[in-house]
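Presented below are the structures under discussion, each in the form of structure tokens.
Next come two complexes built around chain A: one with chain B, the other with chain C.
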Partner chain A sequence: MLISPHARDGSNIFLQTGNLTDVLRQMSVVGIIALAMTYVILTAGIDLSVGSTLALSTSLVAMFVVRPGPANLFLHAAFAMGIAVSASALVGVVNGMTIAALGIPPFIVTLASMIGIRGLAKWLTNNENIDIGFGSDAAARFADFVNSKMVILGTFALLAVIFWIVLERTIFGRYVRAIGDNEKAGRYTGLPIRRIKIWVYALAGLLTGIAGVLYAAENHQGNPNAGVAYELDAIAAVVIGGASLAGGSGSIGGTVIGTLIMGILTNILRLKNVDSNVEMMVKAVIIVLAVGIQKSGKKT
Partner chain B sequence: MEPLLRIEHANKHYEGTRALDDASFSVLPGEVHALMGENGAGKSTLSKIIAGAERADSIDIYWQGKRLEIASPIEAQRLGIGIVFQELDVFPNLSIAENIVIGNLQMERRAYVNWRELTAFCKPFLEQVGLTAAPRARVGDLRTGERQLVAIARALSFEASLILMDEPTSSLAEDAVERLFAVIRRLKANGVSIVYVSHKMKEIREIADRVTVLRDGATIGTRQAQDTTIEEIITMMVGRELATRPQRQRREPGEILLSVERLRTEKIKDVSFEVRRGEILGIAGLVGAGRSELGAALFGLDRIQSGKIRMGGHEIEPRSPREALEAGFGLLPEDRKLEGLMMQMSVGENTTMASLGRFQRFGFLRSRAESQASQPVHRRMRLKAASIRIDVSSLSGGNQQKVLFSKWLLKNPEILFLDDPTRGIDIGAKQDIYAIVEELAVEGKGILFVSSELGELLDNCDRILVLCEGRATGILDARSATQEQIMSLATLQERAA
Partner chain C sequence: MRYSVMVLATACLLASCGGPQQTSGKKYLVAFSQCNNAEPYRAAQNALMTKLFAEKHDVDLVIADAQQDNSKQVAQIEAFIRQKPDLLIVAPNERAPLTEVMGRAYRSGIPVICLERDIVQPNYTTYIKSDNHKIGEMAGNFIVDYLKKKNGVARGNIVELRGLLGVEGEMNRYAGAHEVFSKYPGIRIVHEAVADWIQAKAKDRMTEALRAQPRIDVVYAHNDPMAVGAYLAARELRREKEMIFVGIDGLSGPGGGIEKVHDGILAATFVYPLCVDKAVEVGDRILRDPNLKPEKTYTMDSVLVTPETKRPL
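For the complex of A and B:
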């Protein structure tokens, strides 16, 4: 079987702890984006700009971390990360405000920013990768620290817990689901629809910014061409997790499971040296199967 | 006479509930057969099965004496069964003419649309239902009542030998009901059978030949309409005697709570009135008179062009529902599924939706406080729901309406605008809603009560404001007013023109 977890020699490399945590680490970047994407999709929206925003974030953090900055190593790294994350959050705020104030469909607005932000990232970096290096300077030490499994997995886990609690236990979370379920009824109930929408896209920007910082550290470079099609991976994870693009249904738990399915699948296929093009075809089938099985399960 | 359609041993389960329990009934050629029952009695399920939209678990269907199955809506149509559903299944972005011919095999076989031919084809059917809008008008731009007329015209266009009407008058004003009855009588004279699903006793008496009553999915009995009484049918439906008239408590209207002066929006021309504390002001008018639009103006949904709204002496100008809510308004919308409820969310979540701020501590919602606050409201509404955790979509129409009402009871606004609150719900639920409205008035709230049923307005309101084409044409005292008076005010503009 193509997707059985055994290597050609019969040993079960998949189940080795080293490999399992690798799987988790690899999927964390997309997983973090998928958390915020869950909120966006719950409101019956979509955010196509996250891939480009990720590129912007990796580029900015690399640019500022390789520059001479504050003498304090911690401050230096925090400053670079702060710039990258706030710029990404700002992209989200602009997306959200355009969608909420002008009433343009989210697909169109975020399609535009997907193109525009990619351009911005390339323009800022002259379309060149910014290497962080492996020495003992501030930049390299930042990358080594952030790139630890602990930090990456910890960030994903912490954000997943926060997003889960906010969705299940706060007014904001309740409104997010309500708006996607029936926006008109939300209006008739006096819910702050615009404010919620702006927040949801701002959070998508914010989390993508954080994911971008992790990506830069993992790859030891800022890359304006990073994150291509990540928006689609994130959407796929959310949808496999049981969300409906029509809004109103979906959960953080589901999205985490969806992310794991995508990550494990990729990992198994790579361990078996399956051609990456074939990998895409298998993924396509899995996405449709996963959603199809849920649909038929709901009917009975 | 051999029945046109005979149904026996119909059984159907939905998750846990038994929608049909060995139900049976038959329709004779050329008769109007009323199918009655409370919400959840199985009327809609049975109609859907006849229409081919749902499959029964087990059923025997005989069409003109021949046993067969109705596996899809297309098969039903081929047999000659036309349908006008309660949940209007029209295509809002298509024109009236396209809505009528869609699914019409003969017209659809053409490769291109000949608009002149299409318009000519639709014209007689539109005339029969009395719809004056242009055949090329977008159905989405029509009011709910007019959309229903399109659905009826579509059923007529199939030359069906049996037309199934599920609550066809639930959103029609009295004049449109009369027009519909004229159409039904004409069809009957041509030998067409009508299955008429309704809650409205008066209509049944007026139009039906025979009545079949369902309760809890089972057939309770069939009666000749002339030989039975309203009381008998009600007893069959609810299984117990029921006081049909609401008990009126004496209450004195207090100070003026809301005063509206020469209000004008895009749809409303000139409306002035006052509502006192403890008063129920009825709002009557034909479809398109501006009843819902008045609510939209007060609730900050439509922009106010001129005029004044005073609330307890302070002038207000709500520009959004949020502002209206803060000023103390509540609005129970006309269409509970489209404008009222979050259908994928639970009964409890829907109930607390407008008052969540109250259940927050340190930024977190306290679900126990939510359910503690919801349960007394649900008891007061006599809501029948297995748990507050179940999805609101699994409830019957009457209970859904009660959840929507609960949301406003919990929010507790000073003025509540009820836009046709008893539309499409059963008698038991209606009585419960009348009782609550009365209670709210006794508490000193101001109630605006829109309804298409004049009898309901006369029974429940103190005064009745009559609208006609966006203007207030009169305010009547409900104790002395008659249906004829209301109708004459509601058609004042038409006759003046």
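For the complex of A and C:
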């Protein structure tokens, strides 16, 4: 009774289909980033630059979709999305190459790109939001289409399935896990460690780019200040899902559940009108509890 | 992963199986989505709204703070829509991102009051706004009158400190004043800087202006905190007596612009209406008469505050 949110007519709000899909939609952006973050963390790496990359992606897609482009609306939107997603993937490739080639710790490299890419996004947009209108032009059509719950949830679900299959059913997936488990052993057995690392960070950039496109459509704007602290939300989801920051252990299923826990919790607290500052404190406790329970479970 | 499944299952179970809560009977539920409690103007809005609705006795007011985050505000409004309040009041963080969700609330039959900031489509029952352009004109006229009195003719050097660029308030406070200034060739904006509404930034920008300009008559800041920042910079260089400081917002209470006028720091401020009194008045009428058709827009008037016109703190 303490937890369950009810409308004043006595019906349970949480269980309404509309509310459940609201939750899924609200967490999809972070959820998508968390999928790729799972791979990164499996290799014992970390990617702090995803929040800034998200901002870059929202800015680019908005810039190019409001600009006159190909006459065909679909082509126009696809062109803008393509630029945003490839630029984001490129950020990931550069992260991965710097980490793999120079041997600088991922924390430092992606901390640097977190700062640099934020600057780039702000510079490109002159630190102004780029509004996508509500008319009938390509930009508005793009936002209306991508903003639908079906598209957002579908994208998240599809990517989750793909990332699950790749991790569990392919050699690449096995390599990702092996690197995090024991990089030295991996090197001795001749795993293409550098190539795999570059791929993992490139995927993080790619998925963040896709998340950025969804974010831009949802908010009807490109925003160079979007996504602040999203890297931490994504990392939290992965860790709640049972991954270890030391690498080697973690799964896509766990990450999806970790994302769901965060999303559902926030939703319940909001339906109960809990103060948003208290919400943050509760989140903190949940993160520690979830990881603590898993740790003690593994020991026994 | 096994354990995270357990946590998830527990959370869902708790959320889905409690019995219905004690329904409070005949009380009205009013939900207010505030864009950012951290701004003093917003905090003043919350305080006044809480006070005015508390006087009604049969109204429960719930305030959600979006902490200047569009996505968070959208999610909070979505949660409100599920709760089916009798009235939803929204102070949108930004125009475009909030338009769609407010439309969903409005179409689901919840009366929606849009407070102070506009959205792209009229997805509201009524919109209560202030007129920044008019406030800009009032500030411009006040400054012209002051310069006429000080220098005999409308002539003088002005430093202008601007708010966050691209924001409606900034654009109109700028445009309104400049429409007045442009009629007087003797009035020169000798220095113009952007300080993003923030006192500390305004102090830095003003220090630069003071270094560059040997003679300044008036500092026109787009809000009171920036005017106070400019004053602090001038005082550090012992030039605060040389010029007057004009701000906008005129919040009452400790630390507000009205107090700064009272303390002799600002020569004038213009009250930027909280719009809350009107929102509560119209909102309360809607609660009691769901068929009421209020006007689509209400525009609130500003008031000039100087040491002479001082209002009670």
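Quick note on the criterion: the second predicted complex is superposed on the first by the 289 of 300 C-alpha atoms of A that agree within 3 Å, B and C clash if a C-alpha of one lies under 4 Å from a C-alpha of the other, contacts with A are read in each partner's own complex, and residues count from 1 in each chain.
One rule holds for everything that comes next: contacts are C-beta pairs under 8 Å (C-beta built on N, C-alpha and C of every residue); 3 or more make two chains touch, one makes a residue touch a chain.
What you see is a predicted model; the values in this text were computed from it and never measured.
Chemist: Go through the superposed model and pick first if A:219 touches only chain B, second if only chain C, both, or neither.
Modeler: After superposition on chain A, A:219 lies in contact with chain C alone.
Chemist: With the two structures laid over each other on chain A, which partner does A:290 touch: chain B (first), chain C (second), both, or neither?
Modeler: second
Chemist: After lining up the shared chain so the two structures overlap, which partner does A:258 touch, if you call chain B first and chain C second: first, second, both or neither?
Modeler: A:258 sits against chain C, while chain B stays out of touch.
Chemist: So in the superposed three-chain picture, is A:86 touching just chain B, just chain C, both, or none of them (first/second/both/neither)?
Modeler: Neither chain B nor chain C is touched by A:86.
Chemist: In the superposed arrangement, which partner chain does A:178 touch: chain B (first), chain C (second), both, or neither?
Modeler: Only chain B; A:178 stays clear of chain C.
Chemist: Going by the contact rule set out at the top, does A:169 touch chain B (first), chain C (second), both, or neither?
Modeler: First partner only.
Chemist: Quick one: classify A:26 as touching chain B (first), chain C (second), both or neither.
Modeler: A:26 contacts chain C only, not chain B.
Chemist: Comparing chain B against chain C, which has contacts with more of the residues in chain A?
Modeler: C
Chemist: Name, in rising order, each residue of chain B that touches chain A in their complex.
Modeler: 299, 301, 320-322, 324-325, 331, 333, 338-345, 349, 353-354, 356-357, 360, 363-365, 407
Chemist: Okay, in this complex, where on chain A does chain C touch?
Modeler: 1-16, 18-19, 22, 26, 29, 128-129, 131-134, 147, 215, 218-221, 223, 240-242, 251, 253-254, 257-258, 260-261, 264-268, 270-271, 273, 275-277, 286, 289-290, 293-294, 297
Chemist: Using the touch definition up top, name the residues of chain A that touch chain B in the complex.
Modeler: Those in contact with chain B are residues 165, 169-171, 174-175, 177-178, 181-182, 184-192, 248-249.
Chemist: Which of the residues in chain C come into contact with chain A in the complex?
Modeler: Listed in rising order, the residues are 1-8, 11-12, 14-21, 23-24, 29, 62, 64-67, 70-72, 74-76, 78-79, 82-84, 94-97, 99-100, 120-121, 165-166.
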